[in-house]
Amino acid sequence: MKRKKGLASFNWSRHGTPLAFGLMIIVFALINPAFLSVRNLSQTLRQGAILFLIVSGQGLAILTRGIDLSQGSVMSLVSVATISSIYILGTYWGSLVGVLFGGLCGFINGVLIGYLRIPPILATLGMLFIALGAELVYTGGVTLTNLTDVDQIRLFWFGGGMLGPVPVPVVFAVFTGLILYFVLRCTMFGRHLYFMGANPDAARMVGVKANRVLVIVYTLSGLLAALGAFFLTARLSMGFPHLGEAWLVLSIGGAVLGGISILGGEGGIWEAILGTLVIVFLDNGLIVSGVSSFAREAIIGCIIILACMASVIRRRS
Amino acid sequence: MALKGVDLDLYPGEIHVLVGANGAGKSTLVKILAGVYQPDSGEILLDGNPVVMRNPEVALASGVSVVYQNFNLIAKMDVGQNIFLNREPLKGKILRRIDWRTLYSETEKILRRLRVAIDPRAKIGDLSVAEHQMVEIAKALSIQSRILVLDEPTSALSAQEIRELFGRLQTLKKEGVAILYISHRLEEIREIGDRFSVLRDGENAGTGHLREVDLREIIRLMVGREIENIFPWEPRPLGEEMLVVENLSSPGLFSGIHFAVRKGEILGIAGLVGAKRTELAHAIFGALPVDSGRILIQGNPITVKSPKEAINVGIGLLPEDKEQHGLFPMMSVAQNISSAGLRLLKRKMGGLDLKREREIARQFVDSLHIRTPSVEVAIRSLSGGNQQKVMLAKALFARSQVVIFDEPTKGIDVGAKQDVYRLMIDLARGGKSIIMISSEIPEILGMSDRILVMKRGRISAELSREEANEKRILEAAL
Amino acid sequence: MNPEGVPVHSIQAQGKFSGWHARWDRYGILVIFFVLLVLASIGAPHFLSFSNFLNVLQTMSFVLFVALGQTLVILSGGMDLSHGSLVSLSCMATAAVVAAGHPWLGLLAGLSVGAFCGLINGILIGIVRLNAIIATLGMLYISGGLALYFTDGKSISGIDVNKVQGFHFLAEGKLFHIPFVIYLALFFLVLTHFLLRHTRFGNHVYALGGNEAVAEIAGINFSRMKIVIFVLSGLSCGMAGALLTARMLTGEPQVGAGTFLLESIGAVVVGGNDIFGGVGNVGRTAIGLMILHFLGNALNLMGISTFSQQVVVGVVVLLFCYFGLARRR
Amino acid sequence: MERKRLMMMFVFGILVAGFGLAGEGLVSAKDLQIAVMVPNGVDPYFTAKRYGYEKECEKLGAKMLFYDAGGYANVNKQIGQVEDVLQRGIDGIIFGATSTDGTVPVIDKVIDKKIPLVIDNLDSATKKPVLRIMKNGILVGQLRAVYIVDRLKGSGKVLLLPGPSAVTLCQEEYQGFITYAKHFPGIKVITEWTASSPDAGMKTVEGILQANPDLKAIATFSPPLTVGACKAVQASGAKPGDILVVGQMLDAGIDDYMRKGWVSATVMCDHIEMAREAVRMVVRQIKGELKPPQLVLIDHYLVDRDTLDKFEKSGSSYPKEWRR
């Protein structure tokens, strides 16, 4: 969404992070050529696809000056809900229901934020606990497995399967990405969303129905997180009650790192993609180049800061 | 590249008036004096020796205090805290802690000197634009400064508030303070100023004594061309009633508002700040709830519960406070222009026609002489006046039948003002109905076909263009 | 103060409340807190007892330090995500030194490690002007990684209680039957309050949170402020880390990775401080934290499964926002 | 505002009722109350054990109160939970520590208060006399090493996923594995400490497989990690058995993976029986029949595809329909 932003931010998304990203790729490739092997790229992109869905959901929320802290728990909830509804409804309907659970959580967030006017960070904080708790109470923490072979094969295809040379989740992520790109760029809703982020009061004065936009935004955020969770669950073909634990930080990190302004109104899908790629390739690259799992975290931290620094310096000049 | 080699000299005990068109670089100059921006070249001499305004701290230390055009107050803090920000009085020997009592009592004193009744403990966020401006001024006056810079200090003030301000300025002048006074209101320049300088396109177009020149000369220097009569009003045939408002009331704001606007008519609404004119506008625009009364468009009653509906029935509004209610700062000029009329960009198969959006935006940029590198740049990078023009374009783009201008020429220069007036006339000729809320009586007199005067939420007088004059308006308003 | 010409409507409506509403906005949080206490005393066996309160307050105190730091940062319009792992890191640092037999040096080590990381945050945010969230997110990873790196993730043990009595006393000792750490927490609470309410620094924290640009134009030194604020925030983590070491007599490389960050932010927001900065005070934070902890305690005493507890906490958080946060709506 | 105030009263009214009832329900419970405190309730290992605790408590007419610290990181939280339990008064505690050393002070407190206590597997290194029922981490590690070294004929690259590094049990198992494997120069061990979650496991193994295409075997700490590892191996295009995956326990559908040959072997222990035993121990201590200190080390045994259906499962599996 370069156009959506002033020249300053043009640099920011255009040069800063990609710069760091490019450097990163080169370094890893030099350390271990296996990093660029087709299989590694495709499996990393597979992870990337899942993260992208979540990040773009987070991105939508952030664009409207909000944030969605509940994504992690929603993912756990969906993971469990999907498997247990597959027990009853079979793969396809089961999966659908599972994902809809995520949408439901998002919808509730939306209502809390849009109609009851609870600040996003709080509403979603509440949902964080509720979704997690609900799901744990339901399963008692039991990991859900033992699907029928048929279900397992069908389900696994979504997470682990290939469409030609490309992993299924990637295809789907690209598809979703395109839709979101169009929606944000060339639809009333997309524009209203940016208005909300840029100046809520003015948005109202040009006829934006704030509460509706917010409900849609958070429902989408929930749905996208749910989709991510679904693909991950499918890949593991198990319902894991703590699936989402690690993902919230990643989704916020990805969105902000990519250059979606935490103050709202600036950024878009392009940024979400960037942030996602940096994170997954960084993680994978470090493993492939055999960095100790402890040093890894520290390095990830440094890179995050460096990537961001590069962009800031660019922005200055 | 806002300024090119500007020379400006300022003597103690004088009020030096700085005038110039929008984007002429006045605000930039102010920010450089205040140490907010750094000049690429040139220097600032204070008592003949050079000073470098590295940052606002230094500027304040060397006795420069500024009243900015777009107020610099913190909405979440109260009046006292704002006025004494970073100058908080301290007490205690070992533990240097803030002396809140003195802080508030001092604030009270300062405000009383300006004869404004504002509670020192009131949150800025709860005050009106006018009150913001008074606080801003009080803040600047309270600083024991040797150089006082005022950028458009009266844009939101009512007549008598202005008088109070001028009184203070005169006394400061006697105390030997050097005052740089920036304004668009030519009529007040004479009243207050000793010498003047004109900025045009970032250069000093001329300096002189106000006694020696007349306004037309200054205007010529400003816009670089002759301007005979800045109000291009001429009699027009008026059509049937377009908008009718029947005893509209809103709890605690206004009541029994009753008027009509005809096709092609310009209806001026005068009154003091706080007469609830803005609220009335917002109510008609569906942004404020009304408890009784109704609104008719071309004879058929309509319900506007939200601006969305208002826009759809063809009511447009240029809000007074564009920072809060108008601008999408980080979004492009084009997107701002189209924001109110997006529905008109809808393609049949869904989605917005971005190409058309940009074309139309370009047309407006040309027709309104909006100064911008392109329609793609973020609107925050434009000067105040140009932003105002974009707001106007926004209302026009939405194809409004009734356009409400709330203080349309607030803080913009003569040249731009004239453009705006011309546009109003063109609109009127095109059969649109215009409601113009303004605190500038000359403007009201110059542009309106009919004048309503509001006073504490009621209509206190209705005057035809012929019978209206400054005196009668003031009588009705006070 | 009757605002004239203010648009009364506004998405995040400015607080302009009459009587009841304003008062509720100010004291509602207290009311809710006491209601909670009453409910708990009715419902939860053994809740209403001196020693129970002390237990809760003791466990809470460790988090309070961090929450205070977080309050400072959030009031100044930022957010510090690095808290959890800073606690871990300083816990490890302290333990390392204490295990070598220098308890008080250990305390110092913990504090200075926290302060140092805070300093880096401050420089990144204040001078390089990185986005606070990104900078501290980075620090979250860095310090978390370091905490694990030095001992290959093993915890540092072998601290002999008898050798470090005084140090252990900080966290577990009792003074007049009240755990010493509670006094400490209280002291720092008051200190922070004084800092915020009665010093220029404090006032400028609010100013920054209210509007950075304006604050700078008023001559407030952005960089200096941010650095100081984040150093203090880091110190608060150092304090928590060191005291946790004193409590557990162990260096746990992930002790902060758990609920610390969530609780420190949670406390600030549940207490009703403005998440975007500029409005609030440490009192609210303290109450917010107490609400979270007493609730958990009550549910534990009632023997309600820790799973269901999550739901309750969530619902409560929402109720609070809906009833307690009038101003922000 | 009126509306709102009423709504509040309503809500709080409901809360009062709720709390009141809950309180009633508990106070009236006369039977023995035993607190089971685990570090990470969602780990399938503890889920399974929970079944054991619950059933045995029912059997012995005791009431189980289940406390989950929600992760090994939450030492402070667990200490708080213990304090709470002491506060409400309890007949006995079964304790699995989030931190071996970190929990010592509070556990000492429990012992001093003469509250019957059994430390179940995740040790708290108190010096005071206490009942312990423990897995033998070293042995678990060695069993895996023995199997892998044997199957690899003493040479090949092995990936070890010992789980969260901060957990002492993981450290023990790691030691056990390493100390055995190091006697075989041909065996190269790569160690990756990770969280005990499937996606972490999968991500790591995927990466490692890229860096070391010649990887021969993977040893994992927990079922979630095992699942992750298998998924990664599957994705790498390897056939079942190309890469040995040796896990621990059969929960989370590991048995299924074994039948299909993705998991070659798994180290077992009768953890549910262990849980039951823990309950019996604490009850006997309450009754005074059992005096600390005492250490019960439980057996470990290795199960592979062939023996999968030939060993006694009653001690290590719970009925599928059991959910709580």
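In order of appearance the chains are A, B, C and D, and numbering begins at 1 in each one.
Following the convention adopted for this analysis, contacts are C-beta pairs under 8 Å (C-beta built on N, C-alpha and C of every residue); 3 or more make two chains touch, one makes a residue touch a chain.
Just so it is clear, the model here is predicted, and its values are computed rather than measured.
The greatest centre-to-centre distance from chain C, using averaged C-alpha positions, is reached by B. Pairs B-C and C-D differ in how many C-beta pairs touch across them, and the larger number is found at C-D. Note: centroid distance chain A to chain B, computed from Cα atoms, is 43 Å. In this assembly, the C-alpha centroid of chain C lies 31 Å from the C-alpha centroid of chain D. Mean C-alpha position of chain B lies 69 Å from that of chain D. In chain D, the positions touching at least two other chains are 41, 68, 165, 193.
Listed for chain A are residues 136, 140-141, 201, 203-204, 294, each touching two or more other chains.
In chain B, the residues touching two or more other chains are 287, 324-325.
Per the contact rule defined earlier, chains pair up in contact as A-B, A-C, A-D, B-C, C-D.
Chain B contributes residues 34, 36, 55-57, 59-60, 68, 72-77, 81, 85-86, 88, 90, 96-98, 118-119, 121-123, 125-131, 253, 273-274, 276, 278-279, 282, 287-288, 321, 324-325 to its touches with chain C in the complex. Those residues of chain C that touch chain B in the shared complex are 1, 3-10, 14-16, 194, 198-200, 202-204, 206-207, 209-211, 213-221, 274, 278-279. Against chain C, the residues of chain D that register as touching in their complex are 1, 4-5, 8, 11-12, 15-16, 18-20, 22-23, 26-27, 33, 41, 65-77, 79-81, 83-89, 99-105, 125, 164-166, 168, 171, 193. By the touch rule above, chain C contacts chain A in their complex via residues 7, 9-12, 81, 124, 128-131, 133-135, 137-146, 148-149, 152-153, 266, 269-270, 275, 305, 307-315, 317-318, 320-322, 325, 328-329. Of all residues in chain A, those touching chain B in their complex are 3-9, 182, 185-188, 191, 194-195, 198-199, 201-209, 261, 265-266.
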